[in-house]
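Here come two complexes built around chain A, the first alongside chain B, the second alongside chain C.
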Partner chain A sequence: MTPQMIFLMFFGGAAVWFGIVVFRTLSMVRSALALLFSQTAVGVMFLLMQAEFLGVLQIMMMATEMSVMAIFMVMFMMDPGGMGAMDMTHQKRLSLWAGGIGFVAALAVIWLADWGPANLQIPDATEQTAELGRELLGRSMFIFESAALMILTAMVAATMVAIHPSEGRKR
Partner chain B sequence: MIPELIIALSVGAALFGVGLYGALSQTNLVMIIMGVELILAAALVNLVAFWRYLYPDVPAAQMFVLIVMAVMAVEMAVGFGIAIARFRSRGSVEMEEARELKG
Partner chain C sequence: MTVLIVLVALAVGAYLVAVLESWAVHGRLEPARPAISALALLGRESLLARTPDRLFFEAGPVVLLVAGLLAVAVIPLAPGLIVTDLATGALFLNAALAYVLVALIMAGWGPNGAYAMIGGWRFLGQFVAYAMLIVMPITAVAMRAESLSTVDIVTSQSTLWNIAYQPLGFVLFVAAAMGLCWLPPLDLPTARGDLAGGIEAEYTGARLAVLRLARMVLIMALAGATVTFYLGGWLGPWLPAWAWSAIKILFVAGLMVSVGRLVPRVREAQYLEISWKLGIPLALANIFLVGVITLVVPI
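After this line comes the complex of A and B, so read on.
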């Protein structure tokens, strides 16, 4: 067993464990922090798989995203600290079955599929980032620009949805 | 058989299962968004593993990861926009109470 496999298993296990904690803890702020740790462990897995740029991007993006999520938790939840031990779940048995079946089906595909030969000749981090830049501004530019437009549209749409209707009428 | 690929894909499968459970079982909109985030994280792990162990010389595979990250950001922005609108009109983001599309 190589050190890379051991670390992949460790951080993969951490990502899944914190993912479970998200739905097990009663405190919503702890939920947001557990999700942050889970996403950070995923980012560390990217670093272990030598995708340095994507790993750093994942950790930075998720740190910001989860901080915002924690603030929203405190603003919107009736019991953000989990002191009242409120149950905010429904159809638990069905959800467990759906999650379990999804997991087992994905595992079956992973173990039964023929993934072909491994290609372990990986370019170094500088070359990877340069190649990604060339890809984004070359062959995949249309897709990249579409993603940018999608984010802009979502930002405008989210702001319009969030504006209180009476604020529009006052002006 | 590539053991590192199998480990990474198994982690992805577990994250997908946990995320699906969360998205289906939670009644609060923000918690449902968290479940969807976990499902998208599973997709990210799979994409990076495929790139690393099968096609490390194809940069388009990394571009897919960036697109999924953009989808995660968009999903959160729109989800929170809807949460704010819902909270303002009904004072709650409990999805059990949101059985109609009006207001």
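After this line comes the complex of A and C, so read on.
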């Protein structure tokens, strides 16, 4: 067992543990930041598997996303600090079933898929970044552009919903 | 060995910038002031607020310090004098700086105090304003260098520094960097007047000393990033490479801590409005211009 595998298992375990912490804490900020650390651990796993660009990108994006999510959770939850010990879970039976089925499906994909032989010749980080750029601006461009357009539409719509109609007239 | 040299350089630089900042604030040049303040802070009792989120309260200043140190790790001070020359250095710098926001939310939420919490969320608002203006000018810099490595970015400026090649990007980046370090006029997260210190309000003693040190490290990291991306890094005639880095970084850091004090404070709402309605279109125009110049004129 190489040190790389030991670290990979450690950070994999950390990702799962922080994922569990998300649901064990009552504080919304703790919950959001536990999800952040779970995702950061996944980013470190990318780094360990020598996917430098993807790892750094994952670690960067999640910090901002989860922080913004934290403020939304504080705004919309009744007991954001968790000091009132309020139970904020609901639809437990449905979520248990959905989670269980998702878990089994993920395991099935892992075991049944033909992953092919492991790639032993890993290109260096500069080459990986260049190849990723070619992929994003070539074959996958249409997918990413349409996703970007959808997100932009959602952002405009969300802003329109958030602005109170009378606010425009006051100014 | 390199790590040690960089850390010593960082400590000396942070001390000198702290002297400069106290000169800008108090109007007197007192070289011993930061040392005396640090000793005073370390000697004082470090109070703990009532029913705090203890984990976040303790972790906030430390995470801030670690984020600043990680950002410094990819800044080259001379050829070969860099902690780690990553192929994705410019992106790594952004990733490290993203955790400044996480640290300040922790520090704001942790002590269970109204002023600190408002300070933390104010920084989040500020972040939404400056974030794109850090990333987009760096994109234009990386486009010219055709690399994300900070060493390659410095060597790409051997004929012409980026401050002359893309002045628009330089202005946007420095303005965003001031927001990231919550320096005046963008210091609302720790405003003394209306938030009694904001994020710093509930911190005392050794914990406050760590928080202030982390802020200095962050200012040095951003000054180093500005020099690397726009002022040609270690490049310069006559003097050795490390001396040019030191002069440039201290000059930029000195400007960052002093000039902003001459302008009135900017509210986050105004900052957001300026950043999104003016800053982002200008940053896009900068990327477009740099793209055209890179393709048409080989400099």
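Throughout what follows, the second predicted complex is superposed on the first by the 144 of 171 C-alpha atoms of A that agree within 3 Å, B and C clash if a C-alpha of one lies under 4 Å from a C-alpha of the other, contacts with A are read in each partner's own complex, and residues count from 1 in each chain.
To be clear about the criterion, contacts are C-beta pairs under 8 Å (C-beta built on N, C-alpha and C of every residue); 3 or more make two chains touch, one makes a residue touch a chain.
Here the structure is a predicted model, which means the values were calculated and not measured.
After alignment on the shared chain A, the placement of chain B and chain C results in a side-by-side fit free of clashes.
Contacts of A:Arg30 after superposition: chain C is touched, whereas chain B is not reached. Look at A:Thr126: by the touch rule set out above, it reaches chain C but stays clear of chain B. Once the two complexes are laid over each other on the shared chain, residue contacts for A:Gly19 go to chain B alone; chain C is not touched.
In the superposition on chain A, A:Lys92 makes contact with chain B only, while chain C stays out of contact range.
Within the superposed three-chain model, A:Leu8 lies in touch with chain B and out of touch with chain C [touch as defined at top]. Comparing chain C and chain B on the residues of chain A they touch gives the larger count to B.
Look at A:Ile59: by the touch rule set out above, it reaches chain C but stays clear of chain B. Here's the short version: in the overlay, chain B gets within 13 Å of chain C at its closest Cα pair.
Residues 53, 57, 68, 128 of chain A lie in contact with chain B in one complex and with chain C in the other. Interface of chain B with chain A (complex): residues 1-22, 24-31, 33-35, 37-38, 41, 44-45, 48-49, 51-57, 59-60, 62-63, 65-67, 69-70, 72-74, 76-78, 80-85, 87-88, 92-94, 96. Considering their complex, residues 2, 4-5, 8-9, 12-13, 15-16, 19-20, 22-23, 28, 31-32, 35, 38-39, 42, 45-46, 49-51, 53-54, 57-58, 61, 65, 68-69, 72-73, 75-78, 88-92, 94-96, 98-100, 102-103, 106-107, 110-111, 115-116, 118-123, 128, 131-132, 134-136, 139-140, 143-144, 147-148, 150-151, 154-155, 157-162, 164 of chain A touch chain B. Put simply, chain C touches chain A in their complex at residues 51, 53, 55-56, 86-88, 91-92, 94-95, 98-99, 101-102, 105-106, 109, 112, 121, 124, 127-128, 131, 147-149. Residue ranges on chain A touching chain C, taken from their complex, read 27, 29-30, 33, 36, 52-53, 56-57, 59-60, 63-64, 66-68, 70-71, 81, 83, 124-126, 128-129.
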